[in-house]
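To start, the structure itself, in structure tokens.
A, B, C and D are the chain letters, set down in written order, and residue numbers restart from 1 in every chain.
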Amino acid sequence: MNLQTIADDIVRELQPRLGEGKVADYIPELAKVDPNQFGIAIATVDGKTYHAGDAETHFSIQSISKVFMLTLALGKVGEAIWKRVGREPSGSSFNSIVQLEHEHGIPRNPFINAGAIVVTDIVLAGHAPREAIGEFLRFMHFIANDETLSIDEKVAQSEQRTGFRNFALANFMRGFRNIHHPVDHVLGVYFHQCALMMNCVQLAHAGLYLANHGTNPLTGFSVVSPRRARRINAMMLTCGHYDGSGDFAFRVGLPGKSGVGGGILAVAPGKASMAVWSPGLDATGNPALGSVALEMLAARTGWSVFAG
Amino acid sequence: MNLQTIADDIVRELQPRLGEGKVADYIPELAKVDPNQFGIAIATVDGKTYHAGDAETHFSIQSISKVFMLTLALGKVGEAIWKRVGREPSGSSFNSIVQLEHEHGIPRNPFINAGAIVVTDIVLAGHAPREAIGEFLRFMHFIANDETLSIDEKVAQSEQRTGFRNFALANFMRGFRNIHHPVDHVLGVYFHQCALMMNCVQLAHAGLYLANHGTNPLTGFSVVSPRRARRINAMMLTCGHYDGSGDFAFRVGLPGKSGVGGGILAVAPGKASMAVWSPGLDATGNPALGSVALEMLAARTGWSVFAG
Amino acid sequence: MNLQTIADDIVRELQPRLGEGKVADYIPELAKVDPNQFGIAIATVDGKTYHAGDAETHFSIQSISKVFMLTLALGKVGEAIWKRVGREPSGSSFNSIVQLEHEHGIPRNPFINAGAIVVTDIVLAGHAPREAIGEFLRFMHFIANDETLSIDEKVAQSEQRTGFRNFALANFMRGFRNIHHPVDHVLGVYFHQCALMMNCVQLAHAGLYLANHGTNPLTGFSVVSPRRARRINAMMLTCGHYDGSGDFAFRVGLPGKSGVGGGILAVAPGKASMAVWSPGLDATGNPALGSVALEMLAARTGWSVFAG
Amino acid sequence: MNLQTIADDIVRELQPRLGEGKVADYIPELAKVDPNQFGIAIATVDGKTYHAGDAETHFSIQSISKVFMLTLALGKVGEAIWKRVGREPSGSSFNSIVQLEHEHGIPRNPFINAGAIVVTDIVLAGHAPREAIGEFLRFMHFIANDETLSIDEKVAQSEQRTGFRNFALANFMRGFRNIHHPVDHVLGVYFHQCALMMNCVQLAHAGLYLANHGTNPLTGFSVVSPRRARRINAMMLTCGHYDGSGDFAFRVGLPGKSGVGGGILAVAPGKASMAVWSPGLDATGNPALGSVALEMLAARTGWSVFAG
């Protein structure tokens, strides 16, 4: 199995489909991105990295940051997090508020917006917003082993000005006392974590700890325990693509987390961490070509967790 | 790793907790079962079987039958099935009707009651109810490699008399033309498939094709293609425990399907098929001790699909 | 104020709009009715009756029967009825099941299908279905002072064969033990009460007790107490047009109850009982021209209860 | 019929029940009010005023302001308002957000919080918040014929700090572009309108235009057309008590609008405007004793609009 060939083939085969889907336009800065791009990177647990296409172009990781903030929050408060957020698929879109009302301000899981906002509130504890953003950025430098990662302030500001639905979610949960800090502070951090810029190679490296029992094989640094890595993977599989999670599991068979910037981080436990990116989104708000690429990759590598 | 020892240990360690949970009482016949029972069986892809506790006591498989009927229906109509039933976690309880109204009679997945009733309607096509029941039974004989399996007519009748919610679901979907046969026929078959009696050993054997790329390693017979086996596993993981599916994935990390009779079928792809049984159910209607046992089993074997 | 002139004018002015709306097609027998018909009748509490257009053509009263069955049920069990059905507007369509799941099988009010089915179950107590139908028919003869009223068996059979949604509602509530009789019995009565044939004149006469403090001024017979008449009127105003009730109150300002056969019974307390009929329905399932006619009538008579 | 005697009797008969219900505690300033108070005032269209109990104690009118702001908004944009807010009962609690998601940011009616916030947004058009508050206050001086009415700044500030649910609703609708001004501005006005202090006598006078075809009989000033007065009354009846509107119509039979400060304004068209006040609220957030008092008043006067 030649992973470089597989990556190259996927890029070539998807070439005619570039531009499929619809670039997220509810964050004005994101709407400016050229849709005709596609990148893929594969980082294996034995330390090799393969990439093809626009794998070194930076993009806004958006909701993929939810995986990393969850990792940070679990490090801070451990399993106590589950008192404030569930771990069930929501069956709803990424920004739905209906379930929150029926379930008294407890979001279904940490990978929908409401749940991620609670996670951010947890990470914020005892910090000024700027410090929490700094902590997140240092954590990303650490797990990606790359000090150059930075946040696109214009994207953060753009969402700050237009993210009314997130303000609604945060205020709603604050009314249920499930947000402890001022909404402006929490969302200030949230919009910045989402505005982190990464390319596919960096993202694949950052996710390696999830593929390798909690430890980054490139640096040897332990990020989480093996058990926690398993659990984060489980949650990515059941909840990582909003109301498209079942379909992603069905077609791809790997834990994955999507972002409206067009990126997906996927994990083949024991084997590799992968990142794909293409800006166009499908009807569930998940990257259109990215899912197709990962379906091809999983089929060609046999890495589906459901194959054995 | 000595699987017999692991099975024996689990039985011994769970001894003090026998009777936990609440036996399903909405089907009167099921309410009569002695709650102080627990069985476990492990069938590996290399042809060995291990069991402990009440692993040879027969119980009503109930919703575990949904996995087998889905397999049958896929064999009949292939991927066309997905026009009539989705493949997303529902985020709702096993017998919820709310989502059906919002989504015009298309159930979220084949493992909630509404979805399974549609699958039964598909299997029923061109048959009298009695023939469809016969076909299901022969299929179970085939995959379990056991001609003694039979249906408990009293359980089937009991649910026929009291399963008002299922009549509601079926009529509701018939109103949307997503049930094509008379409701009485469809539910007649449905209640009979649920009333199949199996023990843990038989159930573990019946599930082996899912652990072994679609082929039963004991008989060498191919049941489904490797790809279809992966996909059924994926759906069991995301949807197999109703609104407790996320928690099961988080704690156990294996595809699994529960039944209100207290059984769970779980699959470790490439390794083994497992069945546990204990009648008491938790708040989500899933077997209480069964989930605990599988969590212990997955931890001790390292079989979680999220470990690698 | 010349009521005959008003009625004639309305018929004439609506002439160009005959056929507006969409005839109910989910009950096959109803779909056969010629849409180009309109009738109106006004029966005043001082004993006069005015009518115009197709006011002597019989039509299926459908859900208007809910008012009369509620009256019957209140006579049998009194205020105990409110333990099994609410008295709030549902904010949902006539056949919605969502609210029933959230509120554990207690329908919002007696004028949506679910609530009316509970009312029928109450009237059925201690009777065979045939007897309950007989009792309803005798009650209608009594309040309309007309022994010729009869049920169209073909319409009843047509709905029996196709009313899957009502079977869903009834079974659903039976699962919550809020239906006490076999679903077939309850719906057998329900479909027959809906299939009563009346014309506008008969219907206006039948509703007179609601306009006259509970007593039919034509016969002098007391049907209900003044207080009960007020309360039935209140419920017609808040709940009589499903999720179009607010709009009807806003535009017409009179208690009213619609049926998918195209009829509306409206009450001007202290003044008159009115019936209009035209088969075409609007998007909420309420008679399109009927609402317009009553809006004209209320404006020209000044009978809105909100005018004073 | 001696209205003074009726008012006195009601005060006396309710004396033993003072303190029933639960004072609103989600707005801290309101939680400080002594619950053992009850006042009633009746202003007839022939210019007389009767009052008893604590009818001259000022309280926070809260949601009763929604009636007056709707009147103002209708004066500004007329029936165009119904493009942005519905006129159907919501079947939900006063601050529910579920329906908003299902219906794309269009609130069901102007008397639930979401709808009233849209109405405030309409009144705000072309104004600074301070000017809009001033306009509302002048309008209240005009219709109550009382220049002393003022806003309790402490209550407004208290809600500004704690009204997270209203911030959620407003941001949610802004996301659907159904709020046009900055959320802080709209809610700044909204919290101030709610914080208007009135006593029962003032409130009864302010509502007289609704009882008298749109014209205040005390001053002779026309506020709205007769048709518009009827329509506002209709909406008060169907929607004025949130998910307790049906019950209020059933028991009292008068258009009414409640506030969480404990007040209710009720209208007997053609006869009188009434205000009652007692701080304790029932489970639907409506004044507990106030509803009882109006039920007594309606029964003794025969003023139910459903009596005729």
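Brief remarks follow.
Note that in this section contacts are C-beta pairs under 8 Å (C-beta built on N, C-alpha and C of every residue); 3 or more make two chains touch, one makes a residue touch a chain.
In this text, all values refer to a predicted model and were calculated from it rather than measured experimentally.
Chain A and chain D, compared by their mean Cα positions, are separated by 47 Å. Averaging Cα coordinates per chain places chain A and chain C 55 Å apart.
The multi-chain contact residues of chain D, meaning those touching 2 or more other chains, do not exist; every residue touches at most one other chain. Taken chain by chain, the contacts form a single closed ring in which each chain touches exactly two others. Contacting chain pairs (ordered by label): A-B, A-D, B-C, C-D.
In the complex of the two chains, the chain B residues touching chain A come out as 45, 86-92, 99, 108-109, 211-213, 226, 229-231, 233-235, 237-239, 243-247, 249-250, 253, 255, 268-271, 304-308. Within the complex, the chain D residues that touch chain A are 96-98, 101-102, 164-165, 167-169, 171-172, 174-175, 183.
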